[in-house]
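Below, chain A partners chain B and then partners chain C, in two separate complexes.
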Partner chain A sequence: MAPKIFLVLIFLSIGLVAKSQEGALTVISNQRGAPAILKYSELRSILMGEKQRWRNGSKIVIALMKTNTATGKITSEKIYDMSADELNKFWLALVFQGKAPAPAFFNTAAELQNFVSQNPGAIGIVDQLSHSDNLRTIIIDGKSRIL
Partner chain B sequence: MVISLRTKILLTVITIVMMFGFFTLIYFPAQQGKLLLKNYNNEVQNLANTVALGVKIAITEQNFEGVQTAMEFVKDDPRLQFVSLVQYDTVWNNNRTKYGIKHAVFKTFPESEHPDANITSADSIIVKRSPFSTSVMTGEVLLAFTTKEIKESKRKIRTTSLIVSGGVFVVGLLIAFWLARNISIPVKALRNAALRVSEGDYSHRLKAFSNDEIGELGVAFNKMTDDLSRSRQQLNETNVSLSNANKALNDTLVELQSAQAQLIHSEKMASLGELTAGIAHEIENPLNFVNNFSEISIELLDELKQTKLNLLSAEDKEEAENIIYALVQNLQKITHHGKRADGIVKGMLQHSQSSTGKKELTDINKLADEYLRLSYHGLRAKDPSFNATMETDFDQSLDEINIIPQDIGRVLLNLFNNAFYSVTEKRKQPQQNDYQPTISVSTKKEVDKLVILVRDNGNGIPEKVLDKIFQPFFTTKPSGQGTGLGLSLSYDIIKAHGGELKVETKEGEGAEFIIELPLK
Partner chain C sequence: MKCNSIILIKFRRMYMLMSRRLKYICFVIPIIILLFFSSRTFSQNTQIKGFIDGLVTHEKSKLSFGFGEQDLFIASEINDRLSFLGETVFRYTPSSPTAFSISVERVVIKYNIKDNHNLLIGKHHTPINYWNDTYHHGRVFFPTIERPLLFSKNIIPLHTTGISIQGHDLGNLKFGYDLMVGNGLGSEEIFDNNKSKSLTAAIHIKPVERLRLGASYYVDVISKGSKIHDRVINRKVNQNLITASVAYFGKKLEVLSEGTLSINRTDSTGRKKTLAPYIYTGYKITEKLVPYLRLDNIHYQKGELYYDKDNMTALVAGMRYQLNYLAVIKLEYRYTHSELTGDGNKLTAQFAIGF
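On to the complex of A and B.
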């Protein structure tokens, strides 16, 4: 009986881990411009358009998945704490107010990673990093993924 | 009031030009303005729709800079007043029982403009709205264009219309004057020509005006005038011909009437002649007895006086001589008047008998001159105090004419005697001291006849007896001085020669007898 319970617990723990990994986000950036480590508050400030230049002075370029994608919805909810429409309206207002350049929105993670890898200073949020030479994962508050 | 053709043409063209002017100055600019405004509204609306579509796509695609780009799609248009993105927000009351839709201007370009979300079109701007709806936001694109260009276009249209109208007006006036001149002048010329033709002047011709209908009218008019002229000429010729024929007919009628009168006269004269001849023949024998026995009685009385009267006493002898003297006187009167009666009878017999003379070539000038002097000297023998001027004008070109000289001589003698008698009678009238008795005799040759004129300046012949002077026994002379057979006999002699004896007279001024004898 005990081994069965153990197995059950193992599967449960695996399921919980898997569950906890589902909806996690990875912040990636171009090798040039963005630092390797950021605080979450810094990340949020950057993604809210409040901070628009890296420490070295290069321009920050934000790349997000479209809000009609799963990653886009998770991003708006977890990072922006907004619904998808609210996020869009937020950025529309910022753009119209001239306070920040609009982020680049993508349909697939591959497109997003490709964009980030080709634009120095670019920072993006994907569900998981696929390997790319010119990309790196930014550590947020010591973690590589935002849960 | 009569309006001339020229005025009518001018009025017509000016009316058309005025109507065109009204169209180009008022109606056309108004319609063009409306069309421009309509097109402009459509254009602005289409632009607003385009911008709205771009905004919708950009928002849907989360291309927020694309939204701005879409809005700036019209930024380079010089007519742009502003373009705004208006957001519709649902506003609830505090109890969330009712809500309203609030229109808020989300973004405007250029930023210097701050339009009200409910702004509408006005004179200076045209405002168009194009709504859009996305999951992010619902709203509308508010696009405002100035109407300066429309106004400028309208002004240009008005200016152009004014210039065109002015041009058309001037051209219209020129055309009107040209038309009036090219229609009115030929029509007036046609009218004047028609008047001249109506007055009988067919020589007038119209000049060729043009090659159009008016020109053809002129040509037709000229042809009509030619035809009329020819017709009139033919009519005149026919009239002349008819007139000549009529004159000839009249002349023939007059001649016929004259011939008829002469025929009647001749018949009458012939009857008279026969009657006269018969009477004369019957009277002649008794008259011979009267004359012979009266002469014998005178001889017997003379013989008685010389032989037997001496046997009587002185007293008886004286008485017997007185009786014998009276008887002789009576017998002498019987003899005298018997011879006179014998003369008349012989004249009557001469009248009735055809001439016994023969025609021979005779110098008529010489014959006339001879008988004129014979008549004059005969009268001088009877009355030595008689005196008269004789004028002769003989045509020396006259050839000898074939006549019976004794007969024509008797005619001339009769006429000369009558003429001398007439001037003698006039000279006897009181208050004729300055009167110079004149007898003129002239001859002349005409185409186919010889004319002898015997003219006197005596008392002339009264009109009332003019038609009787050629009748036998008609005379104006006192009894015993004319038998009334001279002119009658003369008339018959001239007629017998195939000629005419006529008289022209004016009472108190004289008479002219005209003898016409045929040359052949």
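On to the complex of A and C.
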């Protein structure tokens, strides 16, 4: 009886962990430019176009999933605190006010990761990092995944 | 003689060969080097967008159809620090032989000096208040159909051709500044019409998310004989503009309030003050639907000569429906009371898009 309860508890905890990771995001960057560790407030400032240069002076290039993708929706809601339309309008306005360069938007995580790996100074948001030599996961407030 | 001619031919051949080599060294190699390095150091990123709006108005018992400005935008990242922004408007102009005119509204070359500090040169929207600094000619961004009265009554200079230093999002308060020197009112796009330069100094802070507080000061000397907005100014005017603004675009509530105090001084009339405030407020019933109100007022001091003195109040009540971020429908009623023309009522529907 005891091993069965033990197994049920294991499955339950796996289920809870999986549920808690649903909608979690990973911040990735090119090996050159971005630091390995960032505060969440710094990350947000970067993604809002407020901070446009890394500490070494190189230009920050933002890569995001399109807002009609699942990761794009989560990014706009959880990081930007905006709806998909609000996020698109926010960036369009910022670009044509001449205040910030436009982020690069992608349909698939593979395209985004490929872009970030090829552009020094690039930072991107994906659901999960698949391995690439020129990419790294940025630790945000001590965590490799953000909710 | 024969020997000499052979030497001459040889010399010519040698010269031609040298000349080819010299051309190769002087022109071809540098071009190859430039192309090689340019392709390695940056990849240009250019975006082109356009904006247009269709209008239906009902005024003085008459229904009219029309369309607004067609706005063409170009934003280009030239390299790591250099960028370009261009905005050109095609608009209906009855006085033009073709009934349309092309107007270059903005040509800005921006150089990033360091971090969030930039040097800008060209024709700018004068960073005098929130509306002029934030919204361009693309109507899809406007919270209302028309601009506030202080724009249509030419209280503030909308554009300045000149040079500026700009900073943004500095420190915890997200402090920003603009310091601009320009040709000033009455000047042409490529020449100043007098020795005086206009000066704009603007600051703003964003103490909390979605809130921006700003203030600015503008000073200029407008020469006698200057032609401004199809009017010839028949005396020298020293102009000082002081502006304050509050902008809050929250998740539900939207508030934008700005006021400009204009002090125009002429030798004959002394200082004359004009006050032009407006307040806009909207409330998001849903993410897409926003009913709104705007109240505008312009009060000129008796004896004002630079502006067309016409004390005016306007009340705007409308509804905005955002189809998506590139398409918006607005329905708006506007009541105006003018010292010179009396009361006016206008109903307007606008469909604004970005493409």
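Basically, the second predicted complex is superposed on the first by the 138 of 147 C-alpha atoms of A that agree within 3 Å, B and C clash if a C-alpha of one lies under 4 Å from a C-alpha of the other, contacts with A are read in each partner's own complex, and residues count from 1 in each chain.
Assume a contact is a pair of C-beta atoms (placed from the backbone, for glycine too) under 8 Å apart; a residue touches a chain by one contact, two chains touch by 3 or more.
Treat the numbers as computed from the prediction; the structure is a model and nothing was measured.
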Task: After aligning the two structures on chain A, examine chain B and chain C and state clash or fit.
output: clash
Task: Return first, second, both or neither, reflecting whether A:Gln52 touches chain B, chain C, both chains, or no partner chain.
output: second
Query: Comparing chain C with chain B, which touches more residues belonging to chain A?
result: C
Message: Looking at A:Lys99 after the superposition, I want to know if it touches chain B, chain C, both of them or none. Which is it: first, second, both, neither?
response: second
Message: Quick check for you: in the superposed arrangement, does A:Lys66 touch first (chain B), second (chain C), both or neither?
response: first
- prompt: After superposition on the shared chain, which partner residues are touched by A:Ala24: those of chain B (first), chain C (second), both, or neither?
  reply: neither
Chain B versus chain C as contact partner of A:Ile139, first or second or both or neither: neither
Task: Considering only the touch criterion stated at the top, classify A:Lys89 as touching first (chain B), second (chain C), both, or neither.
output: both
- prompt: Taking the superposition as given, does A:Leu129 touch the first partner, chain B, the second, chain C, both, or neither?
  reply: neither
Statement: The clashing stretch of chain C against chain B, among 93-101, 111-119, 219-227 or 237-245, is 93-101
Field: Interface residues of chain A shared between complexes with chain B and chain C
entry: 85, 88-89, 92-93, 95-96, 101-102
Chain B-touching residues of chain A, taken from the complex the two chains share: 66-67, 84-85, 88-89, 91-96, 101-102, 105
Message: Please output the residues of chain C touching chain A within their complex, sorted ascending.
response: 45, 47, 49, 73, 75, 77, 80-81, 83, 85, 87, 106, 108, 110, 112, 114-116, 120, 133-134, 136, 138, 141, 168-169, 174, 209, 251, 287, 322, 324-326, 354
Sites on chain A touched by chain C in the complex: 45, 50-53, 57-59, 81, 83, 85-86, 88-89, 92-93, 95-99, 101-102
Chain B to chain A touching residues, read off their complex: 59, 61-65, 67-68, 85, 106-107, 135-137
